[in-house]
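Report on the following structure.
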Amino acid sequence: MNKIVLLTGFEPFGGESLNPSWEAARRLDGVELAGARVHARQLPCEFGAALAALRWELDALRPTLAVAVGQAGGRAELSLERVAINIDDARIPDNAGRQPIDRPIVAGGPAAYFSTLPIKAQTAALRRAGIPAAVSQSAGTFVCNHVFYGLMHALAGGPARGGFIHIPYLPEQAAAHPGAPSMSLDTISAGLTLALETALTATTDIAETGGTTH
Amino acid sequence: MNKIVLLTGFEPFGGESLNPSWEAARRLDGVELAGARVHARQLPCEFGAALAALRWELDALRPTLAVAVGQAGGRAELSLERVAINIDDARIPDNAGRQPIDRPIVAGGPAAYFSTLPIKAQTAALRRAGIPAAVSQSAGTFVCNHVFYGLMHALAGGPARGGFIHIPYLPEQAAAHPGAPSMSLDTISAGLTLALETALTATTDIAETGGTTH
Amino acid sequence: MNKIVLLTGFEPFGGESLNPSWEAARRLDGVELAGARVHARQLPCEFGAALAALRWELDALRPTLAVAVGQAGGRAELSLERVAINIDDARIPDNAGRQPIDRPIVAGGPAAYFSTLPIKAQTAALRRAGIPAAVSQSAGTFVCNHVFYGLMHALAGGPARGGFIHIPYLPEQAAAHPGAPSMSLDTISAGLTLALETALTATTDIAETGGTTH
Amino acid sequence: MNKIVLLTGFEPFGGESLNPSWEAARRLDGVELAGARVHARQLPCEFGAALAALRWELDALRPTLAVAVGQAGGRAELSLERVAINIDDARIPDNAGRQPIDRPIVAGGPAAYFSTLPIKAQTAALRRAGIPAAVSQSAGTFVCNHVFYGLMHALAGGPARGGFIHIPYLPEQAAAHPGAPSMSLDTISAGLTLALETALTATTDIAETGGTTH
């Protein structure tokens, strides 16, 4: 046992009193999966500061696998994000009150990075286990995409793999957002566990469509 | 303890291998709530036969409260149904292969019955408890509405109260319906328990809007 | 030519500067369809006052056919409403500032009235003509349902037929509601024309499902 | 007058008998806008062949501005696409029966290209003109994204600007897809005209959010 998994969640934002990404990540802190130990860390929901904290953890932990998790209020499934794009375009202010519009995350950086997680194998494994999941073609343009891009930029060229998973509201959040789907913390945690195990054990991804026509 | 609650769920339909309404109802079978005992019964997903089975149970049990529960694949919340309408219009065949179109459930019966459950108080109690819930203005025109209408017709003029609650897919069902919302069996069961307790203890409903502009 | 069609639309509400139901209805004022002449009238978006105005027009015009039209912001199609229910439950105040909750429209009236329009034949004719349309199981609980119920109550027992059609936003409205569907005034007007013609010429409705499972 | 605009639409796919992108583009063929002439061309809905045809037109016409347009059945608005990603992942086969999964469009190409259209200024101009429009963060992973990526790859480093606009179904298409939003050909054509004019006259984009939180 010396492989390390870094699993991050966010602090609450947008008026919520909790963030399901951190509630789920903290549950897995210290757990052993497929010969690796999970280290859960909370990130601030702030442009810049979130990435600074992430880079500090990457340097300190030197993980084999680094997965960031974020809340996607309104989505019904675990979303295996395919691609991070090099832009911040905030529809609402972050927790520090900043609202960048059309600013690159890394000046001169590539336009995008693809996840290096086996997102098709993860989606298939989750569905087989009865956990709603889908590949997503966009992680948005807020702090989640910011962290996803920054993570992939930090890992680029190295051996560690990484990616981003969006999760639904918890039921207690959705109760205040009529019409919004939700997922229980038990289901989310089981899903993240399985997604991490699949990432740790899959050597290559599977060829199964996760695309959209538009 | 001599008050009786009849709680019905349906057998699977539409290609599913289970029906969350029966999974949830059976969990509550025998439970005591606010001085009443819950009797859970499964109904066939068939026009006519479902109502015959329901009437048999009503006669046998003489419940104080009768609540029918049904699966609403695609909805994200517990739906407290407001009104049952006197029409069968089946988009898909029922489990006996019948697909009635625009036929009255009770010839000469009223066009509709309103639920006699305190649906606003139930919605408020569920949301306060962190369980996603909403009033719904239509229970559709399939076997669910058929049973809801038949239930209210049977109870009409008597002292017992009744109504219908639609529930989402379970996660293991939604895993096979990409994009569909779901709710865990624990959350559904807790929600039904609270909805029944509220119905058993509320003397009148509360004045809180549950309407829609269209 | 002595058959008369009453076609009503509403004044704007909910912060909009126009109401597509009146824009479409006024276009058809004076038009002859299948041997009948259309009389378009605008109704206030107010509980009570809308019905008073409607009854005055019914008395004055003695129409063979009376169709009320209303805006359903968020819907994508022409909605042929199946049923009006005897309840006002206002999510937002009407144009007079009133917001009734769970109050019957007609005290002691039936729980519901079904449309007496051939809604299946209309839906089929519209789709054949390339105009998006669907049967709807709920007209909501606001002023639209209020007028629909009051119209059917006024026509009950008489020879005249009537019903309600909900229509989408116009594009210029949807431009201010990101994500909302819309329909051009030309398409809406062509659709209402065809729906009225179908109602004037169809002697019975067709047997084609327009139902929902929930 | 010697500036040239290349405007492409697609042939029908997915069982449709027309493609609104070509219906709209052909209407603008030969039109003069802001001192430029529009050349409309139809592309096959085939991976590879679509890009070959596009490159041929780019070489032949040497346009100042090149905008590809595609059908996005299910969307309600004109979608100004922000980013093209270097991947083909076909949920359905293309018109030649090919269905690539997770294959790069340009081997060794950048992970993504951003549109060089002023998508925020276009969105704002369209909404001001009463035409529903929004920035989109994903053009999918089918032939539309394929052409968008290939277009931006071809234009990279040169002076010409380019991008991609997704459009809704026409009403006659949506009539066969219950629930689907649509937009009239008049509105789509007016929207594309305004979007092209804005691209031809705007020197820089405006700073207005078009982002999403996820």
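By written order: A, B, C and D. Residues from 1 in each chain.
As a convention for this text, a contact is a pair of C-beta atoms (placed from the backbone, for glycine too) under 8 Å apart; a residue touches a chain by one contact, two chains touch by 3 or more.
All values reported here derive from a predicted model rather than from experimental measurement.
Any chain touching subunit A that also touches subunit C appears here: B, D. Of all chains, the one whose mean C-alpha position sits at the greatest distance from that of subunit D is B. Sharing over half of its contact pairs with A-D by residue number, the repeated interface among B-C, A-B or C-D is B-C. Chain centres here are Cα averages; for subunit B and subunit C they lie 30 Å apart. Between subunit C and subunit D, the centres computed from C-alpha atoms are 37 Å apart.
Here the CA centre of subunit B is 47 Å from the CA centre of subunit D. Touching subunit C in their complex are the following residues of subunit D: 76-77, 126-134, 171-172, 174-176, 178-184, 186-187. Chain contact summary for the complex, subunit B toward subunit C: residues 14, 70-75, 79, 82-83, 85, 87-92, 99, 101-102, 110-114, 120, 137-142, 144, 166, 205, 207-214.
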